[in-house]
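Below is one structure, written out as structure tokens; comments come after it.
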Amino acid sequence: MIIPLLILTPLVLLAALGAVWKARPVHAALLLALSLALVAVLYLTIGADFIGLVQFMVYVGAVAILIVFSLLITRPGDEAEEIQRRPRSMVTGLICTLPVLAVLLIALVKGNPESAPAVDAPPLSIAHLGELLFTTHAPAVLAVGVLLTAVMIGAALFARDTEKPKSNQPEK
Amino acid sequence: MIFATVPFPSFTLESLPQLPKLLVEWLLMLVGAPDWLVSIGGTAAMAGTVVGVFLSAFALLSLVERKTLARIQNRLGPNRAGWFGILQPVADGIKMLTKEDIVPTKAEWLLHLAAPILIVVPSILALGVMPLGREWVPVNMELGLLFFFSVGALTELSVFMAGWASGSKFPMLGAMRAISQMVSYELPLIISALGVIMVTGSLRLSDIVVHQGDFYFGFIPKWNLFTPWGFAAGLIFYIASIAEANRCPFDLPEGESEIVAGHMTEYSGFKYALFFMGEYLGLFAIAGLGVTLFLGGWQAPLPFLGWVPTWIWFFAKLAVIIMSYLWIRGTFPRVRIDQLMRFAWLCLIPMALLTIPAAALWVFTGKGIVSWVVTVPLLLIPWVILTILFNKRLAPATRTYTFADS
Amino acid sequence: MSAEKTIDRLPAVPKPGRWIMPGLGLIQGLVISGKNAIQSYYKKDRMTTIQYPEQRAVISPNFRNFPFLCYDDDAATGLRCTACSICENECPPQCIYIVLDRDENGKSLKRPKVFDIDISVCMNCGICAEVCPFDSIYMDGEYEMSTDDRFGGLMLGLDRLAKSAEYHMKLRPEEASAVMAKRKAEEEKKAAAAAAKAAKAKADLEAKAKAAAEAKAAEEAQAATEEKGESA
Amino acid sequence: MISDSSMPYSAPTLEPGEDDDQLLRVSLGPQHPSTHGVFRMNVVLDGETVVSLKSVFGYLHRNHEKLAENMTYLSSMPYTDRLDYICPLTNNWALAHAVEKLAGIEVPERAEFIRVITAELTRLINHTAFMGFILGDMGAWGSALMYAFREREKILDLFEDLTGARMMSNFMRYGGCRNDLPAGWADRCSIVVNDYGPFLDELEKFLVGNEILLARTQDVGQLPQKTLINGGITGPMLRAAGVNYDIRKVEPYGIYDRFDFRIPLGAKGDCYDRIMIRFLEMRESLKILRQALDQLPAGDYIHPKAKIRNFKPPVGEAYARIEGPKGELGFHLISDGTVNPFRYRIRPPSFINLTLLEDMCLGLDLADVVIILGSVDIVLGEVDR
Amino acid sequence: MSLEIEPIVARLREALPTAGISLRKNPGPSGQHSLLIDSASLIDVCRTLRDTPGLEFDFLSNVTGVDWPVAAKADTIAIPEGEGTAPTGGMLEVVYHLYSTTLRTGPLVLRARTVDREKQVQIPSVVSVFRSAELQEREIFDLYGVIFTGHPDLRRILMWDEFVDHPMRKDYVAPDDYEYEPTPHEAVLEKAKKHYGERQKI
């Protein structure tokens, strides 16, 4: 069980670091997609098939594609000025991440390993998961559904006014 | 002791495709390899058979496509290489291998190399999950369908890499079109597959095929296609699968009359062949899924044909679907990018969403005559409204032509 | 005739306002391409292509490719061409090159010593055949003339251009027969003219001879009378 | 955009300043699958819509006019086959018509009929090939093209019989034709003409109802009638916009006034109308062909006193035009009495029909540019001369 | 059908009294007589021809460039009625053929001439009146060297932009910088040059 974990986690870290460090936006985006994919593989190795495949589908299939697609459309500028303002962005980045790191370390140290749930719990079957999702957690699913539709309508409205009227020059 | 007596694997015609796996396992056991090595050897052999079968099908399809297109255009098609052109794929393969592989200077060579590989990988992974015969299911995953769609998402990423890494303008345009097309056609593809999951109750593909097992009144097979919601969802799945595989009339990314070869413009040599392999294997995967979901996978069409090995039915149905793709490719012109989008978002997705309540009603009203009476209008009326709307606003105007005598 | 009724029909345009299934036109297109595919197996008329090296397309007798020089009975002597180089002047891309054959003291032998056609320049327009007054140059029907030598290979000299009148007869029977008839008629006319000239020449030869004879006779008579005169 | 007709020209040239990196400069280059030959368009795209389009000519420029000035009148006839190599016989007729007007030569009856028959057969070939090319531009690569070329082969075989070459006909002389119809040619021609009707129905069913074609060509590349006339557009493109101007009726040359045929006029003048007008024109050509084949008289195929070699037209100038399949093909000849023309000018319809290409394509997609160029139906031999 | 040109000239003179219009007879049997318009009033003449209801010449079919190295020769083609043009050096001429699509009247031939062949080669561009002249005038500029003032985009159209000379002029000598390739065709070219050579003299 441990071997895949030991192989994968450094790779994920490396990819994430690359995503942050890379000057060229497209390389950064692709490395981000790689790191998300590796996380999905991590899920698969510990037997959580559903969450692994959904992670792969949602993140690599949708989020990474949207980031990359926007890069393709806007074709962002050159890397020079991005490298030039790197020192300042480094500082702000550290300021934000240090507290998060602190919280993680505390949780790691304070939490005692025994209380963690037994590793060999019976693997969750999809039907059971489905029932759980739509009976006990139904309100949460419905809330997420409403949120998503609101986002979809917002995006549609937002896209509408910037779209040029398609001039088929009926009468120029 | 080395040749411990291991019974030679007994196989019937039905489990013929299992033969390589059984042989490898028998050999390994003969040699006395440890268990984990035997299982790995078996799965490797199974994977080998799947890849072998579908690569030879790809070679055959590249020849059959050129010959059927030729027949539609009243000519013979390749008949010089080998008897009736049978060696044409070999000739193409050799040509592709020997052609010089040019990488443009402005291209990012790593992404330029990675793109074709990343296009072929997902199609083969998707084929691994497909139930090809009663005893021939390479990987019987409980989440077969979900695995199929999540792996399918990788092709868009590789198309982007191909388009962006080539550095020149036409691939850029091609990549833009390809991604927008694939993203907007993945939605109707998945939604139309939801109906089947709801009715079957499981994501395992072999369960779906078993569910479509017996026959109405003895001779009409209980495939999902012959149910109202199944017919609508099947049609939408068929159209969306054409768009997903970038086949004509939706072959915009590689619209050769506008942007030369889209994201594949800057490729030559074997990388270009990899793109085609990826496209054709993707076509097999999508058509295979269509057959599994709606045409009853490896089920026999008529009850008394049970003795025929089941994987023959799967490949026969697959051939029929792919011949229809070729027929469409020989006839239709290409759609423009905004029409493509409008068709997907305004027509396909609403109709696909409609099939879900129809499937629900179908199950709750007991799958009998009553459910037919309930679901058919639920599907038909919105469709008629949609076409009337289409005729009024978007339909092409009918033109009257005057004739001048002087 | 069936064709007549389809001439005036306007294209099948759906009546406005009626509800039409959107996919109808597409299905009609499929039916047509399907029909073409199936009929291409058994209907000869549907087939567009032929298998070139094995089957050959039937070319019409009037087909014109690069020119050739016609000779009557023997390539060296019977060449009809008299090197008048009218075709050389009229050739639009100027691809004919003629050198007149002269004997030692410079008199023209009315025969081309060199007659080259550069078939990489010639566009087989047929003007040389049209303007040739001596019906010696005609357009050939042979089209497989590719060579691997870009310089010498495409420069056809007299040896490769000259072809017999029988070849011309085989190539274009009616044109060749018309030319042969015309030439035979000219021969007869020339022969007749020659015969007439010869006859006239003989006639006035005899006339001269007769005149000479009479003159001689007259002299003898005169001489005889002189002798009589002297003797008397 | 185009303001009112009094000041017709204000093409929206893109100032370099306004260009930012959002715009994509693409050159649909001379080597491109759907430019019907070596023709280049520098297109500036904002996303997929065209912002500016400058066309570049001259890749196939052989300067036929300079050659003609150094050659005799007869020698420049084979070069007219190379102008619009899809319809060589109408080019030959245009030059013969101009020289006959320049020198005042009459043409015997039978030659006039042969000219009308070959011209209308050429119009059939051109419009059938157009259907194949326009479908190819739209993406149905090959099907309509091969059907069109299958029928075109039959007519080209007729031309091979008549003129000696399928395409490079070099068939007209000043005062008639080069040779008479070979035996049995007229019957073979009427068989081909009879089979053409059913083929047109089949091609029409394959093409016209097709929803994708309708969606792709309707309201694409449409211009008002006044701009079209002002831009010098002639031929099916002009009549698709509803302007009733066909030189066979406006200025009847040859014996077109003896045949009854109609001129189809379009409604809006977009790409769909241009396709339909060419369909209906093919049907009218079939009518003319049937009448001409019925009334074909006997007689000599060339004026007996027509001079083939060192033909010297009198001093003067003449401009004559015919209704070619692509538009008004005219020849402006100035003769100074010698064997060579002093000035030999060709009025190429494909070249001048490209004047308004940019106006038609502004605001549309890259895919539309390809179809609009296809609907203009250009042949680069005639555009670049 | 050659249209009678006198009433058109009369209407034009009455509409534009100051314009320099002179009738030119065409000796050939085609009977297409032409109007020589001096450059200053070319655009006004075109605009009146297009807009006046009676004339309505709204379709400029053809624009031809002609190079007259000897101006007097032009008078043999377009015979002036009264005084002939002073035989100066050479000149460049542009011939316009106008048609009316509504009245269906025949070719109205207009001629515009430059002062000489070297420096003063300006002719006002009629693109502002007839859009069809745009590409044809660019071609005449490219092949003859006539500079059309007021043309929106006067560039070379057929030759490549760096090309220097104007190929259609009578005195143009083709540069022999083609990549020379020895062919047995040499003899033919000499003979042709010798034969066709002397015919180029004017």
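Labels A, B, C, D and E are assigned to the chains in the order they are written; within every chain, residues are numbered from 1.
Following the convention adopted for this analysis, a contact is a pair of C-beta atoms (placed from the backbone, for glycine too) under 8 Å apart; a residue touches a chain by one contact, two chains touch by 3 or more.
Note that the coordinates shown come from a computational prediction; the quantities given were computed from them, not determined experimentally.
*Asks:* Decide which interface, A-B or B-C, involves more C-beta pairs in contact, and give its chain pair.
*Replies:* A-B
*Asks:* Quick check on this structure: which chain has its C-alpha centroid closest to the centroid of all protein C-alpha atoms?
*Replies:* D
*Asks:* Distance-wise, how many Å sit between the C-alpha centres of chain A and chain B, to the nearest whole number?
*Replies:* Result: the chain centres lie 28 Å from each other.
*Asks:* Provide the C-alpha centroid distance between chain A and chain E, rounded to the nearest whole angstrom.
*Replies:* Using C-alpha averages as centres, the distance is 71 Å.
*Asks:* Nearest whole angstrom, what separates the Cα centre of chain A from the Cα centre of chain D?
*Replies:* The answer is 59 Å.
*Asks:* Approximately how many whole Å separate the CA-defined centres of chain B and chain D?
*Replies:* Computed from C-alpha means, the inter-chain centre distance equals 45 Å.
*Asks:* Taking each residue of chain B in turn, which ones touch at least two of the other chains?
*Replies:* 72-75, 172, 330-332, 338, 397, 399, 401
*Asks:* List, in ascending order, every residue of chain A touching at least 2 other chains.
*Replies:* Touching at least two other chains: 73, 166.
*Asks:* Residue numbers in chain E touching 2 or more other chains?
*Replies:* In chain E, the residues touching two or more other chains are 196.
*Asks:* Can you list the residues on chain D that touch chain C in the complex?
*Replies:* 71-72, 74-79, 143, 146-147, 149-150, 153, 157, 160-165, 168, 170, 178-179, 182, 193-198, 200-202, 204-214, 276, 279-280, 283, 286-287, 308-309
*Asks:* Residue numbers of chain B touching chain A in their complex, please.
*Replies:* Interface residues on chain B, with respect to chain A: 111, 141-143, 146-147, 149-154, 156-157, 160-161, 163-164, 172, 175-176, 179-180, 183, 186, 201-203, 338.
*Asks:* Of all residues in chain C, which touch chain D in the complex?
*Replies:* Touching chain D from chain C are residues 1-4, 6-14, 22-26, 28-29, 31-33, 36, 46, 48, 59-64, 86, 90-92, 123-127, 130-131, 139.
*Asks:* So in the complex, which bits of chain B are touching chain C?
*Replies:* 68, 71-76, 79, 327-328, 330-332, 384, 387-388, 390-391, 395, 397-399, 401
*Asks:* Under the definition above, what is the set of chain E residues touching chain D in their complex?
*Replies:* Counting only chain E, the residues touching chain D are 1, 26-30, 32, 34, 51, 58-62, 64-66, 73, 76-78, 95, 97, 101, 104, 106-107, 109, 127-136, 143, 152-153, 156-160, 167-168, 172, 196, 199-200.
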